[in-house]
């Protein structure tokens, strides 16, 4: 029946929106509240996905693990692994302007991609990791999808509330002070690089969690599942369009962009094959153009940051 | 392993790829120092240059070397156009916003290449070129031309920067932008000249990369990290530093295959980048730190 | 005599806050005028206002009969006003001679007379013309900065605390050069921290406080004024 297919698709979309919303919230902590440019979102996402996959999948020959641990151990492991990778990068780069962090995160994502592609013993390279358990995955298809949606929504809600609370706290006010006027914050005795490092690690951990949720949803993970540039860039356009510095904006942007992205994919899939490939790249072009238009005409996004006087999109730099 | 093997299998290929990195890194260092942001679309601009060259080579049946000047001009025009249409409006905003815009431009430029030229690898010329033997050192003509062309372009650029009025204005803008403006330097004109130079160098880097290897839509993006590593290694704002940096990164990448699997060549550039940021962010020749 | 530069009732500041609350200044051709006042009086701000480097919310700046209020810096330079900032006032990675070349950026034609004039005023610089400006001593850098500004043969030179951080020997030298410059027909407006010495050498002076005019007169008169002395000269 048609409507069941449609409902299934809606649930599927909703799960993806929740997963991307975690990435967007993670980026909002880094960029929206702290002014840090992370261009390697896909890298942290992949680390999370693979970490949880190794920890929770059943034992397999020829690669590390799987350790067959409960899913929640995998998810925590994903956050820890992403944070552990963020730590040295942040430690080295956060003393400088965010341009350096952008370059370094591009590099780290590239290295992670290489490791995933070539390290058989760790990631099973091109074949990827399969049989990743999904919580409540034994239920019938629709129920299982709904159950997973409930899980990711609950996680998103908890994360959203945590981030909101953190941002409203003195810590959040201090972060914004650092973003808006680094020199003044430094003069007030704030340890600016350390605070930035906290935000960078926290945001990256959320990206790792998003990766883990993605892997468990698909029950498998392969190198092809993550197109680094597109994944990273989608999260950026989601946050900027939604309204960086505003968590609800960050989530709204995810919904808007993901719907546009998916619907345009359905449209282009109808094309004959030789055009469908070109249309795929045309979509990427248009999403790039969309970023330019938002940056120029509505830099504050759909839902601007609440506090009145500050200028939109990152006040650090000179 | 003898000295000749080291030279033939590591040093020569390293210098060739290093020369290509140098051409890109000089552009990156100029944008970093004069316009004051990291230009993330640099690699993809090089890709565009390489494919524009392919267009000329196939349409006119000329050799890639003959296409080079035209491709440099075309890519320079594209670079100036990108600045006018996209970056210029962000000039008053924090520079990091332009960094973000350039990430979007990278994606857009690459998408255009993929739509127009497809996703399969291509080459300028078919067939295998055997290297010439110079006293045991084996070098292909195209490798020699790559290195010589890089040297010629950088010398020409240095002469322009040291001797000409607008070259000095570019250095002044890099050195002390406020004072340059107070001296009556027209910032818009400096920006345009910078993009003309950077676009041209980008095109040369892309064309030589395509000539020595193959043309792929991702060729430029994968060169971005080594180019930035080279610019920072040499010292941001230092043209000669970018050349030295490019050559070092190129040779280091080739040498790394002695110890590491070939797949991890790219990790060498990343390691150099992090190491420099850790121990000497001003680079070998005391450049800027933004 | 008709003033060369006239600032009338100027209001303005950075961002939303006003620092200047109605400042009036006049500089006649070939005159040295000094602005003194306590910290935070708006001395440097008043000077930057001439150059359009802050938000002007009222009043006007007229140079040689032309209203230049709110102009772009490069047009103000063309109008014959050159400004030497207090810090970062040389191109450190360029040679002394290239610094002078940059000063003459807007000029074309034969510049040898202009170089001769500047090297004549600053013989030290002629010796070190090939040296990088960043490698010079503080006093010599100040000379490069002034020399750079003079290359355009301005009608008026604005100097923001030219003697800050210099030894008394260099301070005296800068003042002497300023007199020499004036004697070639260039007016000088300068902001000074060393109020006593500056008033002693200037033709006229203004005392600013809290973004307003407080006193004005010849240097000698101001030095003799009890109120001025009490305010900040320290007796």
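For clarity, chains are labelled A, B and C in written order, and residue numbers in each chain start from 1.
FYI, a contact is a pair of C-beta atoms (placed from the backbone, for glycine too) under 8 Å apart; a residue touches a chain by one contact, two chains touch by 3 or more.
From a predicted model like this one, the values you see are computed outputs, not experimental measurements.
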Innermost chain by mean C-alpha position: B
Per Cα centroids, the chain farthest from subunit A: C
Rounded Å distance between subunit A and subunit C, as computed from the means of their C-alpha atoms: 54
Rounded Å distance between subunit B and subunit C, as computed from the means of their C-alpha atoms: 43
Rounded Å distance between subunit A and subunit B, as computed from the means of their C-alpha atoms: 30
Subunit B-touching residues of subunit C, taken from the complex the two chains share: 51, 73-74, 77-78, 82-83, 85, 88-94, 98, 101-103, 105-106, 148, 152
Subunit B - residues contacting subunit A, complex: 32, 36-38, 40, 86, 89-90, 93-97, 99-101, 103-108, 110-112, 114-115, 118-119, 221-222, 224-225, 228, 232, 261, 263-264, 266-267, 269-270, 273-274, 277-278, 281, 289-290
Contacting residues of subunit B [partner subunit C, same complex]: 165, 168-169, 171-172, 174-176, 178-186
Subunit A residues touching subunit B - in the complex, by the definition given at the top: 35, 37, 39, 89, 92-93, 95-100, 102-104, 106-108, 110-111, 114, 117-118, 229-230, 233, 236-237, 240, 277-278, 281-282, 284-285, 287-289, 291-292, 295-296, 299, 311, 313-318
